[in-house]
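Here's the structure, in structure tokens; my notes come after.
As written, the chains take the letters A, B, C, D, E and F, and residue 1 is the first residue of each chain.
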């Protein structure tokens, strides 16, 4: 199985979720994160005190899928999350050695 | 070493933490996430505008343990977090190649 | 490529980010987490009801870098995040098999 | 009541009675009125100063929070800032020329002239008439009270096109609209020489001047400006129903200044306005919640708050002349009508009135104005006697409503177009996504 | 004071003096009182209208935020909504039959009859007596003022069993309890023909009627309903101490309407009630913080807020007849007693009074009622003269407390049982875990 | 005006006129004044009670939220708690000895003596003089009103060294400073026997007593205590601009009690103070926003709120004697000056005044005090007649400012040093990083 970790623009979340559901993904974990990268943050000034906010808000997706589905997931995210502007995000793929569904105790591909 | 990532129901957090401490786990990272899966979300209506909230709140645990302890951790979480109702969560196991304790510079199993 | 996951003290975030930028890291994901470890939490009392807060706020960094840079990143975080007091945090290294930049579709080292 | 204002001969005789009677509304600016030495009762002054402070409180933080809680977090400060700066700007405009345009003593049916620009001739001893012949209050107090009305009204409009307009464009639009719609209509309705006042329209505390006036300008705005990016697709749920509820409660609290202060005196008539402002609002909040409970099984906080505001809007023109039972009925009616509007009509017509300014303020204001004509009748619990004709008054009320809709609608349309040419109305789509707080004000509402 | 109300012969003579004296409390509903033409002083009217608005503000947003801040985020809207809708419902009940049941002019010691249902016979010229013979205020204003008391009292109860009861059950219970406990007890204590009024109980602004009455009903509720799921195991810390602090501050602010308004006139007696409401509260907040600092090294914001509320509760019955130094002492005593109750007794008895309604309102109310009997004595700084017997008055105070505890306790018990049969009281455990906001209102408080 | 207070012979004749005129300010404590029986007008009483409640509301929740919103979330409760407990402590000190020290009837130019400690001799019939001969208000009401001033002033100071001082040290410092700086200066400025009152300084509602007094003590504090850990490096942005905005709006609302209440009567003079408090504030908020917009393209909410507060501070001493156009000009000037101070001067001087207490309250207070001397002149729209000399008055104003700066500065310095020796001022660096809420109060502001 593969864990696919993706950082995307927040307003793309719903679209990506729908696209993934369409190709058979049945679960994921979503975290609000602060992203740091080429896309620059902004500056806030409070009564003359200047604060550079170097982070931009992103959504981080984690999806565990069977090896067979992994490439399709990566492709789908790439296509759906793309706006062509800087800061669209990254996708990383990591090996997962074991998976369990807590409710039933099912393991690996059955657990997904 | 193994990184064990688990998504569980929020109100189970304390119980799971205690159970893990009991079997010798000495650290973890906990993140509030939005989970997407079989368990369905809910609908909110604001003056006639309907919003489907497809995500349900979950707690995401990350625990790095020595290879020997990994199975026990997975078992413990499975047992403790189970309510038998849909949405109990998932556990994933991933290999970790290296670990460091920042304070001391200790590495690998010593760092945990 | 390696995924480096680090839990550090929140007020060290800016310093670590700058140090990493200096050695060529161009991106990361930052999450606010609750850490559990040797560093103990605190107790809050509300009208006689005592709540032990076992978690302490930490920042979790995720940085994907080419294999060559990984050690340097670990070293840099270790040095910069260290205060010598309990709770300085942990660093874990995990293998990444594939990476994609959403905007361009570039892969692996080019995506970072 | 309006007749009473003209028969100054009976003044002395009526003093005792009048003190306990409801009176029409906020006109009366000439510095001396009755034959005998006019009386400034400190009880009236105390109440009118309290009322003025309350109406400011309605605006900021009240209205600001009610609206602000309903937008997304990234636009919170834009709402707070617009409400605040509009109010401040209009206050300065008010003492500069607005008061004069509305109550400057000119006898045109359309405006008050420039006789009192920069408050020329007003000092701490100047007095303004009340509705009881022989009783006066300090003119400065009258100016303050009326100023707070002018300051809140344009702020109501911003809700319709919240989350998408440039800050400077908001201010330019408001400067134009307030000058050419609010000031003249205030004169027409509340000044003794005003067109609608002479016609005999009953608008105790500002149903036409404030709510219909602002509501239609809001409606024109959301048609001209268009929908928010992502409307109907993205989740645009209120970022803090808590703030919205606090704001709505503050509106109710402050509305006692608004409605009861419009009586200009602390007497039995004020008591009538007060009880109506209590029970109409309560009934409307209950009704909205009840309809929701029936229709989808759950009564929401936003529903209760919306009902509250709808009730307050509807009772505004009516509170001085209808009875408490009429007020309860009015609260019931307005909630049913507005609920239907914001859930069914709006969705059918597919315009994006972000915070339902049209559906609540304009529609609710029209319901209130028309109901005033009906429920003021004595046999329906109102204060009018047997000579009162519901039909005749309803026609007058209708005329007042229609005139306000047309006048304000046209002024607003022109003002939007001018603003669009000068600065452009909307921000870029990307800026809209990022949020106005960052883009227009360089700040973030919450750093938790 | 109560005697004074009966010796109408001396009226004219006492006018000048009386204007500056504290008076007993909110009775007096008959439309005419003194021999000479009664005087409606606009200063009194102004103050009473301000007071009425202030008591509404105490309820929403004040009480709603104080309670709401103390629950978990997932139940925030349920608290705001319950407070709001209860207040609205009771307002409508009040003008329909509550005012009549309490002050309808009937001479039964237990209720006021149905003489004024739907406010029959009341209009803008109707006047209600004050405590100074010859002085009146508009009856509508008196009705509004008393209405706000009726609207806040049931809202106090919800704190005891917050986070676990069905919304419709809350409303049904409140309709029954308010009708059969609040309205009669208001009559008994404040109407000249009421049982406890005749007995001579001193309850200036509602220690028995409001706080003991609600507090015991709350206590019965948490026994009948049971503990929250996870009580004692899960972290149930206040989700926003900030909101709780804002709410507590608003309670203090609004309480000036509550306590000082109960004087019905703006005079020296009002000044006494005001200074007592300031210093008792300040002393109680200091004391609670001090005890915490001594006992565990840290003074918490929740402690200071709790002390504030305890002080306000205790000074409520006493503020018209004790002196400022007595008020400070009372603030000290009530905080020590209530602190002991909510930290030690509650834990020992193991009931789950979510927001300590019993420990603060009922216990604090009893402390206040009994202390009133003592500190009203002239030699202890109170306004009573040498003929005043602390022992005799204390017995009367005790009887008033006991009667209220029994009456309200029984009514509440029956009302809970009826509600349980009709709708069921509690939500399912799963619903409780998810939170009432979603389950009962279909909303989420914060979307940050 | 001050002269008028001395010519009691003309009293009767001037009654009618005086009622409509602005009067100097809050002196007047002796229980009887005029020759004829003094009149307690209930309209005045009503207004003064409203004003007292409003000033409490300014403090909590107003000031607490304004300051609290501007600190980081981890220190939120420390601000709320300090503001609350300081206010409570000072209230108890006030009735114990503060009132006597300020208005105890002693004839020293520096303090009022101990003649009224523990409010000796005051009861519900005691009256205090107003500025209109022959008119009185209950002394309890005067005590309450003045008490709220004493309770808010020390609270202003905490903003300068927010986020780094021990809680018990805050309280000890405040007890000393309030006793030796606030009480004497209140006497000097507002009591008829006070040094600055006799000198003829105009300080209608407390520019010197409140703002300069607190502002300089704050400044001394941030020099003595030093910068926050991480200052200039870490992001110290306001954790909730929403709370800050709510707080600022509440300050404005409550400030009507502060400024207009200082007139002690509800008359035309009160109307003048009210309109000035409206327009100066509006102009100042507009100006600050305008300057920001010009200078960096974006007008921030914090800027508008800062302008609001600066305008309120500046109009405080001036509101009773200048005209509305002067008030607008004053609002403009004070915003420009304070903006320059907090953005340029502070950065250049490198002190860490966390919430700009010095830059807004002290600097704004000085601008207001000096402008009062100028704009009070009749030909500049003020109420003074032709005999008034701007030069002469400006000298007096300058002396009052200088004396306050030196007196309060010295007292504050000594008080900081004493506190440092007794408890230590600062918390440990680690505690500062963790936040004061946990360390000093054992709570967390938000559990979302």
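Definition applied: contacts are C-beta pairs under 8 Å (C-beta built on N, C-alpha and C of every residue); 3 or more make two chains touch, one makes a residue touch a chain.
This structure is a prediction, so every number in the text was calculated from the model and none was measured.
Which listed pair repeats C-E comes down to matching contact pairs by residue number; over half match for B-D among C-F, A-D or B-D. Under half of the residue numbers at the subunit B-subunit C interface are used by both copies of the sequence. When subunit D is fitted to subunit F on its Cα atoms, the angle of the rotation, on a 0 to 180 scale and to the nearest 5, is 120 degrees. Between the interfaces A-B and A-D, more contacting C-beta pairs are found at A-B. Once the centre of each chain is set as its mean CA position, subunit A and subunit E turn out to be 53 Å apart. With centres defined as mean CA coordinates, subunit E is found 47 Å away from subunit B.
Each of residues 41-44, 46-47, 50, 235, 237-238, 296, 300, 302, 442-444, 446, 448 in subunit F touches at least two other chains. Of all residues in subunit C, those touching 2 or more other chains are 14, 31, 44-46, 53, 94-95, listed in ascending order. Working note: touching chain pairs come out as A-B, A-C, A-D, A-F, B-C, B-D, B-E, C-E, C-F, D-E, D-F, E-F.
On the subunit E side of its complex with subunit D, the touching residues are 37, 40-47, 49-50, 52-53, 56-57, 60-61, 64-65, 68, 76-77, 80-81, 84-85, 87-89, 91-92, 95, 118-119, 123-127, 138-141, 143-144, 147, 167-168, 243, 440-448. Against subunit E, in their complex, subunit D makes its touches with residues 16-17, 19-22, 41-44, 46-47, 50, 54, 72-73, 235, 237-242, 245-246, 249-250, 252-253, 256-257, 260, 265-272, 274-275, 278-279, 281-283, 285-286, 289, 293, 296, 298-302, 304-305, 308, 323-325, 328, 383, 446, 448.
For subunit C in complex with subunit E, the residues that touch the partner chain are 44-49, 51, 53.
The residues of subunit E lying in touch with subunit B in their complex are 230, 233-235, 433, 438, 442-444. Note for the complex: subunit C touches subunit B at residues 2, 5-8, 31, 33-38, 54-55, 58, 60, 74, 77-78, 81-95.
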